[in-house]
Structure formats: C-alpha cells, structure tokens
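Heads up: the structure comes next, in structure tokens.
Per-chain residue numbering starts at 1, and chain names A, B, C, D and E are given in the order in which the chains are listed.
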C-alpha cells in the first residue's frame, strides 16, 4: 500500500463519511444530525468519484445531499417537534444491539478484509454517463420502467398521505 | 349385484341424514330427533347385511373398493407419483367393529333424546362423527384412515364442548389437544412410511415391511412402533396419557360418551392391532414385555383409582382405563388367545360401557346427580334401572355368561402362556374390578335410600331399547362367543404368521 | 439498442403485466377525472376485471417453453406462471374485500388510490415472480413494498393505521437495506445481476474466503427477505402492522405479499445458492450447507408464531401470528429441498390463500360490524349468523390442518418432502407439535363462535363481494382438500417447474 | 494498480452500514431513523460501486444497480416521510418510542 | 342321560319366566319355580338311577375357537355328577317349596324365586360340567346367585355389605382358580378333565406345576367353601333369607369347593404337598370355625360357623386322601345342615328374632320343628345311627389311615366342639324358660314343614348308603371304574375310632346339657376361665378387623397414593408442559412491546447471531 494521492483522498473522504455518521449518532439536535449526515453523503459522492462512477456521484449529490436531506429538513420543520432527541430505549436493547452489530461487523469483516481479486483495468471512467445510459435503456429497460411506476406510486402515496385535508385545515 | 359400492354407501349414509337435517327448521325437536335416529339406520342395516353376507359363507373381499384418488408428486423418476387411493374393505375384525359402531351409534341416537338444545346441530355433528367412525374401521390405507380418524375429532370436540355438562369446554379442549397430539404422532408415522415406501395401503405396506430389503431399518421400525404406541396410547388410553379421557367421560353428554367410550376409544386398540401388530410384528414382539407391563399398570391403576371415586362417571372412566389394560395384556401375549381376547375385549367393552353410560345418563336425567353417595338405595325407586345397572356391572367385572368374561379370560389365558408372573400380578385387577364395581354399584342401588325416589320414574318406553339390545348382545357374546370368533379367524390368521407363532 | 432489437422479443408473454400496468394507469387517470362525490367502487370492479383478465392470460401461457426477455430481466417459466396465478388469485379476492371495505378515517377521498395501489403492488409481486435478474427482482420487491406501505397507512386519520404504516416502513427499510447489502456481495463475487449468469460463475467456486462471504450474503438475503415472509427473526412487525392496517390490506399482506416473498426467496436462493459450490465443481452447494440455518429459522418461526398466538385477544393479531406460523410450515418445505418442494410450497400457498382470505373476509364483516377486532367479538356468531359461523369454522379447521380441507393436503405434501431422502425428523416434529398448539387458538375462536352466548342478536349483512370471497374460499378449501388432484394434476401436467427453473 | 485496496472500500461501507443500522434502531426521532436507513442504503451503494470497479468481473451493472437503489431509497424516504407527517397529524409526535398503541 | 342337560335348563326357564313375567305372576311365581325344580329333581333321580347301570356319559361341542384350540362346552354324567345333581335338585326343590311359606308376603317374592331359579340353574350347570372352563363359568354364576340372594334385602346396609363381601372374597379365591386353570391349560393344552388327568398320568406336567396348579385351584375352593382364611364372608352371608342360607350357604354352593377338589382329585392326588395343604387348611378351619361357633348367639351364625367347620372336615377328608369320605360327608351334611337351617328358619319365622338369648322353651310351642331340629343336631354331632355318625367316622378313619395323627386329633376336638355348640344351641332355643316375647309363636305352615320332614328322614337314613356294617355301597359306586380314585375309596378304620368318636360327641352333648340344659355349671364357666379368650372368640379371632386393617387399608392406601400420582404427577406434568408453552407465549407476547426499534433489533440480532455462528462453525475461513 502506497501513500498515493488516491489513498489520501480515500482516507480523507472515508474519515469525513465516518465522522458524519458518528456525529449523527452523537449529536443531540436533530437539525445538526441531518447536517452532519450531509457531510457523509457528500463524502460518499467523493468515494464514488474515486471508484470511477462520476454519474453515480452526481446523482448521489443531487438526490441525497440535495433532495432527500431537504425533504427531511422539511419534515423536521413541518413536524415542529421538540428539538431534543434522546432515546429512552432500554439500555439492554442498546447493549445487545451493539453486541449484535459488533458481531455482525466482525463476521462480515472477516469475509472482506482481504478481499482481493486480481484487478483488471476497467473502462468505467470513460464515458461513464453514456455507458450507464446505454445499459439503462437496453438491458435494464424493464426495471427502469418499473422504477417509474414505483416513483409514481411514491408520488401519489406521499401526496395522499401528507396532504392536508380541507376539513382538517378548517379545523385548525 | 355390484357390492363394491356398498361400503362407500355404508360409510357415507349418515351424510344423507345431515343433508335432510340441513333443510329442516331448527326448532322441530321431535322430527329432528326422529330424522337423526333414522339416519343411523341405513348404516346399521347395511352392516348387518354385510354380517349376514359373511354368515352366508361369502367372501368379505366382495366389498373391497379401490379408486384412484390423490397423486402426490413423487421424489424421483422411478417413483413419479405417491399415490393415495380411495380404498375401503372389510375383514372379519373390521366387520365386527363396523357392526358395533352402527349398533352403538343407533342406540346413542336414541339416547340423544336427552339433548336439550340445538338438536339440529347436535345430530348433524353426531352423524358426521358416525361417518368418521365407520370410515376409520373400513379404511384400507393409512392416509384414509387418518382422515377419518381426524374427522371423528372435530364433531366430538363440538359435541362435548357445546352439549356437555359444566366443565364441558375444558373437557373438549383436553380431548382436542391430547388427541391432536396423538394424531400428530400418528401422522408422522404415516408420513415416514409413505415417504419411505411410496404407499400407504396397509396390505402392501405389510408386504414391503416384511421384506428385509425394505428401505425401512429395524431401528426405524422400532421407533415407528413406539410412536404408534404413543399415538394410539392417547386414544386407548394408556397410562399416563389418560387424564383427558376422564374429563371427557364425566363432561360429555350421554350419546357422545356412549359413542366415545363405546367406539372412539376402540380406535386406539384397532390401530394398535391393525398397524402396530400388523405392520411391525417383530418389533411388537420386542416390545411385548413393555406392552404387557403397561397393560398391567393400566389395569391396576384404573382399578385402584376407580375404587375411591365418588362420582360414578369417574368410576366408569377409570374402569375404562382398567379394561383397556386388558386389551394391552392380550396384545402383549402375541398368541391367538391373547389377541383374540384383546379383540373381544374391544367389542365387549364397547357394548358394556355404552350400556353403563346410558344408564348413568338416565339416572342423571332423573336425579341430576351421578354421585354414588347421592344415589344410594336407588333400587327402591327404580328397580329395573338398578337391575340393569347391576347386570351391566356384572358384565363389566367379567361375569361368565357375559361378554366381559370371554375377553378377559382369553386375554389372561394368552398372557399366562408367555409371562405368567406378570399375568398373575394382573389378576389382582380382576379382584379389584369386582371390588370397585360392587362398591360403586351397590353404593348406588343398595342400602338405605338417602332421598325420596317417589317422583322418579323407572326406565320406560324407548329407553328400554338401548338397554335391552345392548344387554342381549352382551349375553349373546358371553354365551355364544363364536359370533365373534368365527369372523375373526381369518383376521387372526393374517396377523399371526407375521408373529411367527 | 435499436427498436429492432427490442421488437425481436416476444413481448406478448408480458401481457398479464401489461394488463395490470395499463389498468393501474387507467384507474389513476379515471380517478383523477371522476367527480369528487362519485362512488369509486366501479374502479375496484374494473381492477377485479383486470386481474381476471390477467389470470386468463397467464393461464393461457401455461405449458409453453421458457421465454426470456432482455437477458432474463423478464422471464416466463413454469415457476413464474404457477406463482403468478396464485398472486393474481389472491389479489383478486383481496380486491373483492377491498370493494366492500368501508372507507373511513381519512381514506374516504382516496378510494381510487386504494384500488390502484393494490394493482401496483400486485404488479411488483408479479415481477418478483417473473424475473431472473437481481435488479428487476429488487425493483419488483420495492414496488410491492412501497405500495403496501401506503396501503397500510391509507386510513390516515386513524392512529393505528399510521402507526402500522410507520412500523412497516421502518422495518421494511431496514430489511431492504440488509437484503441489498447481501445482494451487493453476490454481485461483487460474480459481477453480474443475472441469476443464471451468477449461478454459472459460482458453480466452480473454490476459494473458501469467497464461499464464506457468499454464505454471509446468503444469511443477509434470507433474513432480509424473511421480512416479507414474516418469518423469524424478522416477524415482529407483522402483528402490529396487521392490526393497524385496513383489513383488505392485512389480507393482502398475509397472502399476496407473503406469496411474493416466497417466490423471490425460492428464486434467489435456489438459483444462486443452489448453484454456488463450496469446494469446487461438483461439491456440495452452499444451499445444502446452509440447510440447517433455514431449518433453524423455520423451526423458530413455527414455534414463535404458534406459541405467541395463544396469548392474543385481537383477532387480527392472532391471524398475524398464525400467518407467521404458516410461513414456518412452508419454510419446512423449503428446508427439505426435495424435488417436490415447488409443488408442496405452491399447493400450500394455494390452500393458504383460500383459507386465510376467507377468514379475513369473515373478520372484515365482524370487525366492521362491531367496530373492534377482539376475538371476544366473535362470541355467539353461530347464533347471529349460522352460515358465517360455519364458514369460519371450516376455514379455521383448514388452517388447523384437519383432513377434508386443503390445509391438510398441503401439510401432507410438506411432510412427504420432509421425510423423503434425508429425513428431517426434528423439524417435522416441531411442525406437527406446533400444529397441535395451534389447535388451541383456532379452536379458541371456534369456542367463541359456537359455545359462547352472543352479546347482541344483530344479524350480519354480507355484501355480495364478500359473499363471493367466502364462497370461493370455502369451495377452494374443501375442494382441494377432497380432490387435491385438480390442482396437483394441473401442476404436473402443465407446469414442469423442475425442468425449466434452472435453464 | 490502484493504491487503495477494494477491501478498504468494503470496510468503509460496512462501517457506514453499521452506523446507519445503529442509528435506525436507537434514535428516537423518526426522521433520523429514516435518514439512518438512507445511510444504510448508501453503504450498500458504496459496495455496489466498489464491486463495479474492483469486483470479480467489473462491469457497469454495479453502478446501474446503485442508481436503482438510490431511486428506490428516494421513493422510500418520501413515502416514509409522508407517513410520518400523517402520523404527526394524529399523534402530534415524531418520537418513535411513543408509537406503541398496538401491543399485546 | 343324554338329556341330562335339561336338568339345569328347567330352573333357567323358571328364572327367565319370572324375570319377564314375575311382576304379573306375583306369588304364583312360586308354582313356576317349584314345578320346574321338581322337573329337575325327577329327572336327576332318573339320571341317578340310570347311572347305576350305565357308564359315564360325556358329550360336548365347540364353544369357542382360539386358533388351533377348540374350547368345548358340554356335560358329563359320572357318579359324582349324578349324585350332586340329585342332592342339588333335591335341596333346591325343597327350599323352593319351603320358601313359599317363608317368603309369603314379601313384595319382591317373584324376584326371590327368579334368583333361586338362576342359582339352581348355575349350581346344576356346575355339577355337570365336563371341563374346568365350564366349571369356572358356572362357578362364577353360582357366586352371582349367592350374591343376589344375600343382598336380597338390599335396603339393609348389612345385607349390602354382606353381599359385597361374599362376592369379593369368593372372587379372590376364584382368581386363584383362574390362574391355576390357565397354567394348567398351557401345560395340558386342554380344559377337559379327562385330558388333564391323562396328561398328569402320563407325566407331561412337572411335579411343581402340579402342586402349584392344584394349590391355586384349591384357593378357589377355599374361597367358595369358606375355608380359612377366606371364611369370613360365609357367616355374614346369613343376612340373606334363611331358605337361601339352607340352599346356598349350607347344602350346595359352599360344598362346590369340596366338589371341585373331589372332581379334580386325580390332580390333587398326584401331589403330596397339595393334598397336605388341603388337609391342613381343612383341619384347621374345622376346629377354628368350631371354636368360634362356641360363643355365637345368633342362631344362623352358629349354624354358619358350623357349616364352615363341617366344610373344613370335608376338606380334611379329601386332603387325607379320603375321597369317598369327603363326598359322603358332603352328602349327609347337605341333608342335615339344610334341615337345620330350614328348622332355624322355622324358628325365626315363629319368633321373629335370630338371637338365641331371646328364645328358649320353644320345644312345646314348635311341636314339629323342635324334634326335626333335634334330629339335625344329633346328626351333625355324630351321634350313632344317624347319617352324620357314619360320614364323620369315615373321615376320622381316613385321617387316621392317611397317617395324619395331628389332623386326626384336630378332627376329634372339632367333633367335640361341634357336639357342644350344637347342643348349646338346641338347649338355648328349645329348653328352659322363654326369654323373649313369644306371644304369637306358632308352628310354620305345612308348606314349610313338609320339606323339613323329608330332610329329617334323609338326615337319619342317608348314612346307611355307606356303613361299615351294611356295606359301603356309595364308596364302591363312586370309585367304580376309576382306578385313580379306587386307591382313595372307602377307609375301613379300626373300631376304636368309631367308639372314640361316639364318646367324644356324647361328651360334648353332656357338657352342653350340664351348662345350658341342667344349668348345673355356670354359663360363664368358659368365659370365666379367660375373658380374653371369650372376647377373642366372640370377635371371631378379629379376622375381619385384621383384614380391615391390612388388606382393605392397603388397598385404600394404594388408591389414595395413585390418586396423588394422578392429580399431581400425571396432571402436573401436563400442567407443566402447557404452563411452559403458555409462559413461552406470554414472554413472546411481552417482547411485542409496540417498539418498532425492538422489532428491528430482534431481527438484526437474529441475523448477527446466525452470522456469528456461521463464522465460527462454517469452516470456510482460512
């Protein structure tokens, strides 16, 4: 392992991503948590770039750091909750969960820590977007169309559920 | 005449009654009861006709029927299908049980005159139960047997739970869970056999299992037999699987308990003989000592506990346990005398317990009690009922000239050949049987009467029918046992070679 | 890819999906343009007609060769046809329930959505049955899930409905993440999302490290998908969600969604892990190696489902546990991995479809009448409506697995598989013992119906659509219990799943 | 070739997955729970994208898969939030531990 | 003789007729019973006479088939059977007749006759059975007849208890018989007497097995014949109507035990131990019961203990290889004991009490009963020239010849006791002052006295069929044509035995006269000599109490112990299992807290658990 620029970039991004995640767990104010997570999302986008997935990185920034975070913030604002968020969950549950996650992580880590495959040069970074587009519109046309239905459903569903009824509005 | 359809007609004839009942308005008590009674008659007549057919020297195999039914997907190319056919047949043994079932069912339908509510539902379930029982005894393959076996379960659950006495629901649950477990174990056995051999036809299975190259090892067979012993042990019942049966016998309504103790318990014995002994003769031999010990324990356990009961129904319930011990004793002997004795006991106890439970039902109807202490001196007010009760008790305690003796005698005779010491211990049971039955029956009929029996009516009218018919049958078997033994010879001959005896 | 390439495929095999998709879109538009006050039941009936048409078209496809479109992203094989029939049948009956479901608690405005969301959910389920590509399977799964989340929460002024949906989303999200995490490793080890290609490249797997990772991903995928089956350990959402969701949705979740879950589990596990070897070509597949884990999950599921159901006082919760238990039974068939596994699972799901949907139909009637879903509300049903009581009795008996009903034959099928070959005595014993435990709660309902006095003597009005469900359910339960060969022969003669599942 | 081994990316994904999971199962605010789930899905995406470059047979499919996962995650987040808002209207809370009206 | 099966059939018909129509016939039932038993009697006399000239007749048919074994039923007329047929039908006929007077006015008159018919049927069936199984069948049936008749006054608690006791105690004996029979069957493959004897003769059965089976069969006889230790039911059985006591508990059924041993004599004689057992039990019972009889005050109980004692005598005879002696005494005893009971019944009928302390001075008032009772008393006491003298002498001779001096002495002492207590009874009842209320005392109607007279005559003359002086006709006839029995035929004892016996009985009579007749010796002479002994005797050696404390208590103890097991262990385990399942359900239910994060946590922890297990056990990691 050499200390190349790529490595440094990875270390930095990974650090940011993890710190963002840890902050998510440890901050007390909800808005702060979301903001912390934006760092993570952006860092992940950076990771994608490192992995020759520029288009995915762009989508990541648009969707996650942009759309999702924003609607989450909207959600937080709309629900006017008290800002403090402190879980009352039982200590035992947390402890067991922690153990479980630790166990799971170790088990998985044992599977991946020396995951090395003779790497072949890829051409993913060349015309990345075009490659994706071609694949999407040829091989993956069916799931692609299906996702459109899914998004339609999500759209309709969100409207149905979140819409303020006239009656209700009157009441308030 | 094509006789192959007869058995199906026999088994499903009560369905006709169900259909008629379904169309009747539910408040017509009299006509519902009449229809319920009439609906049991076809089965009775056909079964008697079948018996006559046998007496006329014709073959019972005339009645066999086999129709393709279910094809389960097989496991490999050689056995593409796991076929289950719709197969009914009669052997001598089965014939007797079918006749017994038809008789007791008809008489129980007379006893159903004491049902106080929802007659329509009662009779529909009752007739469904009869279908199940008739099917159990005619089924020629294990799956079909199991199906009918379970068909008896549900109507009985309702008959107990809805029309029983005070703790009926608990009794119904006890019944359901114990028998459910028993049938679950049975199902495991059946399915293992089915999966291993690809057939459930009893006769084919017998041949396959007798073949040493069968895909069923000796250990597995032993395991299966033990499982069968548990499965039918619940039904029989064998100590310590009996406690459900006590509750049922105390809480179930009269007709149900007549059917239950008269026939349903016998399914356990039938299963043990037909499948336990029929399919696994060698293993049965290995276990014979265990079975004999269980039989003796049952016999004595039931007898000693019956000795201190205060409720006559409990006495009869424990007495059933005790008498089923005799069945086990006979089976464990593994010789003709023993097995024949066991079969006799099955039939004899069916008749006797039906009789006794009917009389108890009559008494309860009149006096609202079945406690021995409350009934003391009842012979004063109801001499005829008391007389029949005493006669029934005598039959039950194995008085010669009545059916109980013949069976007890043969069962013990058989065991005395194989395990004399165990048999000798078992004979204590004969003494105890006399002791507890006399204690209970004399306690009820003899002695000073504790209450006025002035308003109480003795047996009358149609009530005589069950009592007299059952009594006559009991005496007939006791005096002329060949009515049973001659149809049985063929059955015994098919079982015995497997026993190597 | 040009139009020519696309048009070379036989798109007609997707007719059922097109019908559902088209009608879903049609309903959306109709809903949009219909006057506000107008009764939208008509949309439901259209939906039912669409499902019927789709069923006919699926049935007409039976018996043909395997058709694969676009690298298996759509795949029509016997397996797909068989299970699509179940999904469509289940969804059709659920639609009948939905049509008569009384809209309240904020869903009055959204009856139209209520109907077509069922259709989109069904569409997702159908793709789960009919694809050989991880991405498509995943999207189908999510389409089903997201539609279900909305359906569960559609009574938006009802706290229970909201809660139910919320719990469903959270657990569903976690399960999705876990499943995907597992899938990502599968992809990583093969570089493909096409199941057959994956199987191909894994069939020579020798590297222990990779096998290990694949085993882990097996566990992740299986546990993640266990969420859809409501199998242990991912079962706990079911009681809460079932209780809170509108009854037709509960029925949908317990039947269609569960069936779809089994479909995807079988598809992925058998194709991928059935082919992946442990020690090089010809060695034992990972799936067989992991059999014990499936068995463990199956056993735990049966025990938890049946035992906890004993303590329920709410009928819908009780049925949630019951459905957990039934998932366990079907997992026994999966564990056995015998060659009749497809048939036993299919038949069991068929039987389960009839008996469970029928039961939910009764539950819908009773709970809507009483306004609550306590088991005690069934007291005296026999007096109030003998017909309904008898129907419920038959269905409960079928659920309990008594002979004469389809439930029994289903169990027999599973047992044959469990005992043939390497016998699974322990698992079969657990299955049968827990079945006996289940008698307690099924007959507990019967006790209420038949033995207990009624609180009031109000009669029930049974809407025509529910009547249809009841009749179909009872007829199906009894018919397939007495003449199971109608279904088994259909399977044997027209759909040779074994032959074309892996090709 | 590359100086950063594939396992490093995978480990990062694993860590983020675990963080997300822990957050999803312990955080009290439902919005955060939903976001945590998004984080888990993000971790999956890292895996997918990593494998699309460093996998057994590198291909663009991994990125496609990641894109689909992102869109699904977005849909799920939207629906989840909508449900939360509906719930908030009836219960006036977003605390997940207060959603316990249904239990045995 | 080929129609001898008709003999038991007549009473059966009587039973059936009375069962069905008795209620309508009322007291006319008596005629049905009397006529049909008369038919039996006549026919048995015919058979008896026919048997003098013709050989044994056996016929049988298959009754029950067990595999290769064909169990048969049928009948046999040999000497012993023919004699028993006569005795039974005669006594039965007389009792039927007597009862018409005795039971007059009872509302269950017809039931009584029905029961009598049933009993007579069973008893006659018993004596013509050609095989052990059939014997056993009728053996049990007579038990039922006895049971029903003892419990005839069912509303009396004592009758109920006595009936129950009789049935259960004889059943204990019956089980012995049953076991013996079953064992014997597997040894000889047959129940037929002839086959059994042939097998025993041929040495097919081992010595121990013969001894074992013989003793087991003897246990049956012990139960039925009221031998020690199963004797206690017989005195209690006196709760039944007196004619019943005469028929069943004196003349016929209780003698069935003796009959059984007699008819299986070849088996017994093959084992010295078995014979010895019979003799010892018999001898002991004879003196044991006689000693109790010394102090009883109930007229029927005295007679009952006397019966037990006399049956012991018969057993002693058989056990001493005195086959003829036993059968002979069986016959004479049947006559004089039936006479005594009927006479006692007549007395009771007259004074309406059974307590001899309340009687006395009845000689003048009961002009016919008194002398008849005296004849019976003289006969049983062994006063010369009466039947009892000859049969008792035969027994003493057999005991002496058999080489059992101890048993011989026992028999003598018992004879002394018998003479003493029988005359004590006679003097207390018929002589001295009237002690109770005797205003309405009257002689019984002729329907009752007529049977007594016939029995009186027989009690006198019956002994002459077998005397040392006029020939041993009976003895010769009984063993005729049977080599096995011939060795155990008539015993010609020394003359001193006869004299000694006479002296002993006269001594007993004299002592009784001194105390109860002349009253020159205080009545408390005996009791004075030891209160304890008197109390012990009065309480019948506390045997009943002993049984109560041991057997009954143990049975109850076992029962309660088993009930404990039933309620706590059997039910407890079930409760435990259901409790466990329910508890599991409750726990699972509690986990379902409504906390969605818990649900997720459980799912994930489950996954983690599986993953860790997999990592540890999977075996794929290098």
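Note that a residue touches a chain if its C-beta (ideal position, glycine included) is under 8 Å from a C-beta of that chain, and two chains touch if they have at least 3 such contacts.
In this text the structure is predicted, and so the values were computed from the model without any measurement.
When the partners of subunit A are compared with those of subunit C, the chains appearing in both lists are D, E. By number of C-beta pairs in contact, the leading pair of chains is A-D.
Taking the mean of each chain's C-alpha atoms as its centre, the chain lying closest to the overall protein C-alpha centroid is B. With centres defined by CA atoms alone, the chain at the far end from subunit E is A.
Chain geometry summary: the mean Cα position of subunit B and that of subunit E are 37 Å apart.
In this assembly, the C-alpha centroid of subunit A lies 101 Å from the C-alpha centroid of subunit E. Each chain gets one centre point, the mean of its Cα atoms, and the points for subunit C and subunit D are 25 Å apart. Centre-to-centre separation of subunit B and subunit C, using mean CA positions: 43 Å. Across the assembly, subunit D contributes 20-21, 24-26, 33-34, 50, 55-56, 58, 61, 64, 68, 72, 75-76, 79, 83-84, 86, 89, 96-97, 99, 101-104 as residues in contact with two or more other chains.
The set of subunit C residues that touch two or more partner chains comprises 135, 138-139, 142, 146, 149-150, 153, 156, 165-167, 170, 174, 185, 188, 209, 212, 216, 239-240, 308, 311-312. Contact of a single residue of subunit A with at least two other chains is seen at positions 89, 97, 101, 104, 107-108, 110, 112, 114-115, 140, 143, 147, 150, 153-154, 157, 160-161. Chain pairs that touch, as defined above: A-C, A-D, A-E, B-C, B-E, C-D, C-E, D-E.
The residues of subunit B lying in touch with subunit E in their complex are 239-240, 242-243, 301, 304-305, 307-308, 335-337, 340, 377, 379-380, 394, 399-401, 405-406, 409-410, 412-413, 416-417, 420, 423-424, 427-428, 430-432, 434-435, 438-439, 442, 445-449, 480-482, 485-486, 489, 492, 496.
Taken in their complex, subunit E has these residues touching subunit A: 595, 597-598, 601, 604-605, 607-609, 611-612, 614-615, 621. Every residue of subunit D that touches subunit C in the complex is listed here, in rising order: 13, 17, 20-21, 24-25, 30, 33-34, 37, 40-41, 43-44, 47-48, 50-51, 55-59, 61-62, 64-65, 68-69, 72, 75-76, 79-80, 83-84, 86-87, 89-91, 96, 99, 101-104. Every residue of subunit D that touches subunit A in the complex is listed here, in rising order: 1-12, 14-16, 18-23, 25-29, 31-32, 34-36, 38-39, 42, 45-46, 49-50, 52-56, 58, 60-61, 63-64, 66-68, 70-79, 81-86, 88-89, 93-95, 97.
Looking at the complex, you find that subunit B touches subunit C at residues 69-76, 82, 143, 146-148, 150-151, 153-154, 157-158, 161-162, 169, 173, 176-177, 180-181, 184-185, 187-188, 191-192, 194-196.
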